[in-house]
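Here come two complexes built around chain A, the first alongside chain B, the second alongside chain C.
So, the complex of A and B:
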């Protein structure tokens, strides 16, 4: 059964002392999540050039969900975009993210501290 | 929106019995509270005024009790006419009766007042009880008339007949409370039993119109259930069955309750519960039939369908009376009818064919229903008795009301719209099936069901689509240098759109293979082809070229990495196809040992899911990847197939291997 996606926004400070916008997802990520995710993404403060994606609360991501995340990362990779780090993925989805080449656009970390250290 | 349960009290008139009695006994104008029933040729109605006293005292049963100061009252008149309107509780009737002589057993037929319990005393001894009087009186489901046997010793003698009557507080407020439907009859047991059974028969005959409507509802309900079993996804059939079968269960339940003398409050509560449920199904049926969205109006209607039950509970708890109950139902029914009408009307105006079809019979039905419920409410409020206006046909045996006609129209309308809907959806399903079959035919032409035999390679491939047509694809093509070009991929999504994309990709691959055998170039071209065709998803693909000398060149667009003898190969990954034109694909080159088997999978294997929601996963996939393709696919299927499963194994045999047998799914 598909659960709706929830996106919570908070801020953190990176190891280098920069403010980081954090988007924490929970539920399932699928095609129905698109609006929620993109709304949160666009609502991020324009100044936050460092973004952390937290997948700790995510149970399942299907191919449409992965497509949404890739879209977001492609947008961020444009000149003047944002640098992004990801953490909280299960080993399975860490592998899936690597498989589809997401690791080329955002570093995958096991926990928040490691992710903040990288930004 | 249930049926009227009160009609049997007002509409069926036992005219036949009364006629019979008049013929048998003649009109007897006996004197007050003393009645000579000894000289008549048949059962005698004890229709002289009785002595009536409100209250309760065991002494009232005794012979010789002085009742001369009691009120004189006709037993078939209500208590309101004796100055006790709305009286609930005990009252006693007394009369001195001279019983017929002879050896034939005697009996007295008692017609208890509506909803009351009665004890019959003859010369101070309890001769019989109707309903449940002790230890506490209970309002029970009962027949209209009961025979009470008279001890033989009393034949031909004057006796003191005393009736202890209890009227339920729940019913005491109704018009006519306390009145017997007919004065008691005294006569031979045979005659009285005959009258009782005749009355029973009449009661059933009087209910024939109800039974006809109910059986019609059951027939259409069973038919609807049958349609549901044929088309399980069409819930409207199940809802219609729930609504209509509820109609049939009710009279059966009522019959059982009367036979067993069940507690009427419990009967009524359960009965109203069943009707609420039936109404609930009716609302769901209407919404799902016209494919209306689940909106607030629907939820309001579903909530309103339980008002019948709530009302019955309030009456049983003594919070409201019958009149209040009928006004509550009238309001709920008016709301439900208007809401459903508004929903049907707005959809019909927007061109909804089903709504148009249903609007006319439904409007007819609600018009009748609203009039009917209003008449009930007016009657129970004691404002005006218009119950006669609902009668369409009436004779000595039974009465047909407009409500019967309304129900027949509604049930037939439901049956008709269901048949039309079924015929239409069966046609649509057939068309869809034909389309799917064509798609499968197209896919079968493009996706090899049999693995090509390429000299020098041992190839196995298994393809298990999750549906009729799948989104997985693979191609293994020989190339001029004696090697092969293999492509495996997965289009996100299922069904026709995915199948059509697969067809497009397979055509692209086969065309490309004529010009290039460079995996990265093949992927780049495929990516261009897929741009703008992914509708929110993407396609993963792995292209590899295996040369006869064991050189492997591979490029990967987000697909599962191949396994070589159970180990993942180190191949560069790039973005899936169809996401961005900027995606760059590069080749990785490796050398495979002579005895290496390559295993290519789609994510249907790693994302197979068991009942606990656990994924098959990459570890298990790696573990079994060196097994034959068929075994790998079977393991994933047995775990819990969710998506298309494709497994291709490739081994370089070094020398042409004529024995490499193709394996098909």
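So, the complex of A and C:
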């Protein structure tokens, strides 16, 4: 009975003028989110070497959901992979993401402008 | 809220119902005067404990329920999450993000670590069916530390 995860995809421009694929999540990020999130991730344009993950619409993330984020980091770290930045997390989930070390591979920002400036 | 109160919740062994325990714990902690930050910590810890009970304790068997007992005292809120599994005797390991990102370690398996990191006390007890539980405590006197 988990809330469905919605993923909206759009393109933004980084502060350095590069196109950035944005995945905006809403709903829960849990084990049931895996197909929706990874399908959107894999559907990103191959030219999207810069990706922004927007958690503004997300209230609930559990450890299975964090594992899905790590799966994206794993794929992004391969040769020819992608740079990832994150914004829109609540202070609590910023803390949780930092506890598990996600910030080592994807910078956490408070808003989209700051995230776009980093890519 | 009167000290010494307790609330019992029984959850179906289906993922998603951990949010019922999470909301109940949050309401009780708010009544006791815990800060929003501590309540968020408790919510995540309770959710992870219930997910472990649903998945690994009761193996998603909907004929079994997960028991959640929340007990308040003057200075702390205790949450016990009880399942029909054999219990856990391993200690939570610290996730190694480098190994996870390089595919050398399962990206999952962070629940116990988060539980221990987010509450003041976390203990796992083994027992016969219906007697294995994890016990979590958050303390009011840690509020200003």
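In this text, the second predicted complex is superposed on the first by the 118 of 119 C-alpha atoms of A that agree within 3 Å, B and C clash if a C-alpha of one lies under 4 Å from a C-alpha of the other, contacts with A are read in each partner's own complex, and residues count from 1 in each chain.
To be clear about the criterion, contacts are C-beta pairs under 8 Å (C-beta built on N, C-alpha and C of every residue); 3 or more make two chains touch, one makes a residue touch a chain.
Keep in mind that this is a model prediction, so the values were computed, not measured.
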item	value
Which of chain B and chain C A:32 touches, first, second, both or neither	second
First (chain B), second (chain C), both or neither touched by A:117	neither
Partner, of chain C and chain B, that touches more residues belonging to chain A	C
Which superposed partner A:66 touches (first chain B, second chain C, both, neither)	both
Contacts of A:99 with chain B and chain C, given as first, second, both or neither	both
Residues of chain A contacting chain B in one complex and chain C in the other	31, 62-64, 66-68, 70-71, 74, 92, 99-101, 104
Complex interface listing, chain C residues touching chain A	14-19, 37, 40-41, 44, 47-48, 51, 95-98, 100-103, 106-111, 113-114, 117-118
For the chain A and chain C complex, residues of the former touching the latter	1-2, 30-32, 60, 62-64, 66-68, 70-71, 73-74, 77, 90-92, 96, 99-102, 104-105
Residues of chain B touching chain A in the complex	492-493, 534, 536-538, 540, 558-561, 573-576, 579-580, 582, 606, 615, 617-618
Residues of chain A that touch chain B when the two form their complex	31, 34, 62-64, 66-68, 70-71, 74, 92, 95, 98-101, 103-104
